[in-house]
Amino acid sequence: MNNYLPLSIISLGILAFATLMLVIAPGIEMARPEPPAGLRPYTAEEQRGRDVYVSMGCLYCHSQQPRAPEQAPDGERGWGRPSVSADYFYDSPHQLGTMRTGPDLLNVGARLPSESWHLTHLYQPRAIFDWSIMPAYPFLFEVKAKAEEGDVVVALPPGFAPAEGVVVASQEALDLTAYLLSLDRTYPAPEDGIRDDGYRPRGDAE
Amino acid sequence: MSHETEKDARAKPTNPRKGRYVKHLIYAGGATLILAATGALLYESGLIPGLERPDQTVASGYFQAPGNDQIPDSPFGESVRRGQAIFMNTATNASDHVGNGLSCANCHLGEGRQPYSAPMWAAWGRYPQYRAKNDQINTMEDRVMGCFTFSMNAQHSVSGEPPPHGDDIYRDLQSYFYWLASGAPNNTEMEGGGFGNVPKTELGYSPERGQEVFAANCAVCHAGDGQGQQDLNGRYVFPPLWGPNSYNWGAGMARINTAAAFIQNNMPLSQPGTLTDQEAWDVAAYINSFERPKDARQGDMTIEETRQLFHDGDDIYYGQEVNGVLLGVGTPDPERPVGAPE
Amino acid sequence: MVTMGLLLALSFVVSLLALAFLIWAISNKQVAPDQHDARVIFEPGDEGHVDSGETATSRPYHFDTVRSGIDAVSTRPVAVLLIAATVWLVIGSVFGLVASLKLHWPDWLSDHAALTFGRVRTLHLNLVIYGWLSQVGIAAMIWVLPRIFHTPLRAPRLPLIGAALWNAAVLLGAIAIANGWTDGEEWLEIPWQLDLVLALAGVFFMVPLIKTTLARQVHHIYVTGWYFLAGILWFPCLFVIANLPYVHSGVEEATVNWWFAHNVLGLWLTPIGVGTAYYFIPKIIGKPVFSYAVSLIGFWGLALFYSQVGIHHLIGGPVPTWVATLSVVHSVMMFIPVIAVAINQHITVGQNLWALKESLPLRFIAFGALMYTMASFQGSIEALRSVNSVTHFTHYTVGHAHLGAYAFVTITMFGAVYHMLPRMTGRVFRWPALINAHFWLVVIGFAIYFFGLSIGGWLQGLAMLDGTRPFSESVILTKPYLEARSVGGALMTLGHLVFAFNVASILLPQRVPESVRTVPAE
Amino acid sequence: MTADRRPQRDPRHPDEHFEPYELDASIPWPLLGIAVALGVWGAATLFDTRRHEERAQVERIEDTRLATGQAVEPGHALFEASCATCHQSNGLGIRRAVPPLAGSPFVQHGPELVANIMLRGIDGPIRVNDALYDGHMPSFASVFTDVEVAELASYVAARWGENDRVLEAAEAAELRGRVSDLGSFRGGAGVAEDTGLALGDQPPFASGTLQPVAPEISALIFEGRGGQWSCASCHGDLGQGRENTPRLAGLPADYIRKQLHDFAAGRRLNESMAVVVAELTDEEKQALGAYYSGLRVPSNARPDLGGDLERGEQLAREGDWSLTVPSCFSCHGPSGFGVAPEFPPLAAQHAAYTASQLAAWAGGQRTNSSLDLMEHISSALSAADRRSVADYLASLPPVPAGTGDTLAAQGEDR
């Protein structure tokens, strides 16, 4: 190969082709003018909580894409039905994730609908799961001598509560919890839902 | 190659041997990986037949009766279905002739298919048969009539007797049995037929020991008082084992050896074979040491006469005293026949 | 559906036809190196510069870069980039180590948002990719391209401006991420506003390299040049498209994300690493590579197949089946270019194993090249649906990512840096033993890291696939392996400190007697 | 720049000025072979999987339709699946337990009344064809769509009431709206009274009294206490549950109490429940059980695990004797309504919860089943079976009223 111009053109052409195949074609296929029935937009509070979720890097340990029962027991674990592309209609940036150091969270709002549980768990995961390796987020909470009007006090099992005073959730913690509780894609999958069906049993495929 | 000048000659000469070695290594490694990947892909796409996931169902060594989805859509199939309905739900579908809370399926598990639960596919080819119990040749209809008489305690039913000879109940039940035995040999004793046997133990049997076995293994379903349990509609889920709603003294199950075999081979449900021989004998003795409806054959005879005539030498407490109580008297007759409208 | 299925088939057929055409062309000598070009590497006028017939440059395949003044021009930009890259490497690996430790000491350093795992891990990734690997890669390009083109770097000031902008953007990006300002997608966390600066800096790197290419004094472009020149075209396209704000959303954003993230590895870091190895292995050994035709297959195979791979990160996810399948098949097809590169590089090393004893830089580079083969084979196997079911979502993939980005690219670049620095400075490393120590620290550290994560991740994946085992089991059983990872990571970080010391020791003015500092020439 | 002063310690060392280049060797044949082989099976794989994958998507969408009740089965199939466990395929019911449909005046009145009873359910004594029954029929409102109600009611009325009127889906929808707040019929007398139809002599309905919930128990349920979260925060205000948080409404009080004990004793592993039960007294456990056992809530469970409902129905109703798995209903009652505290209701339980518990038994994290019955059964089931049976049970109507007290009374000797 002796010429730079052909080299560049062919290289970029190949990349353009790959972009067409991997980005544009699936993008067109998954494009949807309408959200699926059953999915609502995030409220302002939930969206703020989502921003906290993003900024804390939750996605490095938590996926948001339950797998099909033929592939993995996600449904049995309560993580929800296999997700389809339309379930992410309002999501940007996407938080699909590629790690399950912690469990999948796409339906955590349905599976663990307790705000007070989440506050405890965010303040100190090991107050509930002694084996957990999730970071604690004490900086989203405040220790006060006495709860004031409107404060949300965090329920803490003995041994995890501060020696004196009470633990109160900050607005960020409440937002984050609101976002977690909004994660609920248990409505029936839209009929035109798109997902990877490559694991379905081959059985009677003719 | 012309450029290999004297300067290159100073360098250690290229070792072509080593190069070939590495080359071969790379090819071998590459080929192995390709093979592995091909194999994996073929396996994934199901093109390797031998590697298909093994069938989950354990093929038992026993005769396999057809499944319900194989009942034909024909007048015969209709009869099979009716027979199955009677078998499963005897008190409703042979209402006039059932005087207790049982149905055929209580002892013939798996809809009459389960081995060592007196499966019907094994019984079908064994009749007509001479039975000492009534000293005559028994047809299948005769045999089922016996079931109604003793196990279903027909004496307390609305009609007070088993279905008369020629009744449709027998037609439909026999259609069902005949269909269950599709492909089974005729007049041959089949593996898994009957209830099986439990060898006698050195200690014999004892209701006292049996009480403990019962409390530990049976009471959770059949209730501490052995009266079974009903759902909220009053429908028996677990059958009563003794007392007025159970089989009468003339039933085969009232014999301790028969009950022990049934228990060991079938109970607790889902865990057959977990009781030892001794436990099976003891708990069978315990269950059969309570009063139950009187032997339907007693008529005007005394208990002792009945015992001598029908139970002599059997492993049964009929006509004996257990804990100071004479057994065989029978539970009191109901105020009105079982199942009769109020 | 049918249309999409056809597209899928079309894509594969196109790739396959392209490869077939290439092989046909090679076998018909359509693209054979011009024998004239290959033999006569000097333009007729150049020979006038050679002052004595005794020098190497009068012979074919020989060229004195020092005398021609080429290295002198490149030295400053390369030095600046190397220093910056080394600093980011050390900082980035410290963040990596902290992140690793936090996975088994979750309550350590948990009082500040900036030090939470999700941010520390992000900092690690961005600093080593953008701070270290990209800069050291560009440094290698600036060093190597003028040499193989027999012409000094054009516009040598631009890379200095580029480096300033680039490092400023990386620093600001790190501060932004630590404070929670992120674009929120893996590999693309640096806010897009700062990405603009990175892109601008990229232009300052690209322009001199392309100008140098256009002004080259040789007709034939050596294989390293293909990788480097394609890389500097591919990466900006990827980077700009993936970072476009307000364009992507939902799952489409996820496909863009993984198309980008995987192509950063495949079309940016891999060209850097393979290109570097292609230059330095024969350079150090003094022997040509095995086959021009094979290197063509390696390069175009990479371009055709690697570019369509990324979506295997979403196998079993909410993407069209055919896209996932497409990526799986193309992943497996990667065997072809990888085996091609392996033939060319390993045969050259394998025929000259003595050189590994001679040359510490070669030890790094040969090891790195071997790891390219390993990482790619592992990647192809890992993409298979059955294997992916186990490894996806586990630490196994983290081990694989490090096999590619660390054991292959980073270790190769270590070797390149150790080879370049004496030639840039005209000095020698005073403590070669430290280079050796560096090598063994990172190799042993990496081995512990890799095997820990691979075994732990595999077990983790099996536990997650078994519904009768609670999720907690998949966490608990990985803990010892995560601890092993920290041990390996600590050794690697220690190795990087040694590396930084080595770089500093040769770059800083040395107060030692002349006699020790310079080694007399032959 | 200094001159070349690089060390040359070893004379074998190559010279500094060497320039890398490529030799002119041809492509080794194994590489070509590998490329051809990969190309061939790559194409074959794509060709093979493409057909499979296109079919897979179609199948998945069909499954989705089935699970969301959008595919309507004909009346007889619906009857077999949902009514026959009690009323039997022949419509004769169960003597002394389940009234017959055949010849029943309730059915002869036509599909409106049938649909009405299906939507509301019956709790209380009822007389059919001279026999008296203690009526406990669940409400199917949360199980059937309007189309299914119409289809099924028309089928039942035509087959056993010889009434040929066909109920339209719109009428069923209208009826549903009208009766949605009325609760279940109070026995046969209630049906006669509410509809004004002639249904013969019906026994009177004796209404019981509901015990009010003690304030401290109510606080426990709705507000939580100290380091504990409230019950309702996870299990819902009405104990209806979601996903793998179980439905508690209608579970026997003694069963709930026993489970709370078992969480504390480690016979059931659930970290969150362990935190909650740590500070509960025995009295509180009993009171909580009593509270939830008395709740009657429509089902919010759906078969959403992608299981095979036919297989699930087979396991629930017949069992699989080849696996030594008896039917669920042989112990948990013919409609999964439960039997005494040892055999809790399964109907309308969330599929994810049921499946996760079967998995927990199989995996040894739950060890509190009498005689290890469930441990054995769960271990014998495959993952697909666990999902199938859980899905089928989730599709059933919730347990009708009247269980709590009756069953608690039955279980008092244990």
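Points to keep in mind about this one:
Residue numbering begins at 1 within each chain, and the chains themselves are lettered A, B, C and D in the order written.
Please note the rule applied: a contact is a pair of C-beta atoms (placed from the backbone, for glycine too) under 8 Å apart; a residue touches a chain by one contact, two chains touch by 3 or more.
If you're wondering where the values come from, they're calculated on a predicted model, not measured in any experiment.
Leaving out chain B, the touch network of the other chains stays one piece.
The innermost chain, defined by the distance from its C-alpha mean to the mean of all protein C-alpha atoms, is A. Look at the CA centroids: the one farthest from the centroid of chain A belongs to B.
Computed from the mean C-alpha positions, the centre of chain A lies at a distance of 49 Å from the centre of chain B. Centres computed as Cα averages put chain A at a distance of 26 Å from chain D.
If each chain is reduced to the centroid of its CA atoms, chain B and chain C end up 67 Å from each other. Inter-chain spacing, taken between the CA centroids of chain C and chain D, is 52 Å. Within chain B, residues 7, 11-12, 23, 30, 34, 41, 45 each touch two or more of the remaining chains.
Among the residues of chain A, those in touch with two or more other chains are 68, 73, 76-77, 82, 129, 193, 195, 197-198, 202.
Among the residues of chain C, those touching two or more other chains are numbered 33, 56, 61, 286-287, 321, 325, 332, 335, 339, 343, 354, 385, 466-467, 472. For chain D in complex with chain B, the touching residues are 11-15, 28, 30, 34, 37-38, 41, 45, 48-49, 52, 86, 88-90, 92-98, 130-136, 318-326, 330-335, 337-340, 342-343, 370-373, 376-377, 380, 382, 385, 399-400, 402-403, 406-407, 410, 413-414.
Of all residues in chain D, those touching chain C in their complex are 1-8, 10, 12-28, 31-32, 34-35, 38-39, 42-43, 45-47, 49-50, 53-54, 56-57, 269, 271, 355-356, 359-360, 362-365, 383, 386.
Within the complex formed with chain D, the residues of chain A that make contact are 68-70, 73, 75-78, 80-82, 107, 110-117, 120, 127-130, 155-158, 160-161, 186, 188-189, 191-193, 195, 197-198, 200, 202, 205. Residues of chain A that touch chain C in their complex: 1-2, 4, 7-8, 10-12, 14-15, 17-19, 21-23, 25-27, 29-31, 52, 54-61, 63, 65, 67-68, 71-73, 76-77, 82-85, 87-96, 98-103, 125-126, 129, 131-139, 193-199. Chain contact summary for the complex, chain D toward chain A: residues 49, 51-53, 55-57, 59-61, 64-65, 67-68, 70, 224, 226-230, 233-234, 236, 242-245, 271-272, 275, 278, 302, 304-307, 351-353, 355-356, 359, 383-384, 386-387, 390.
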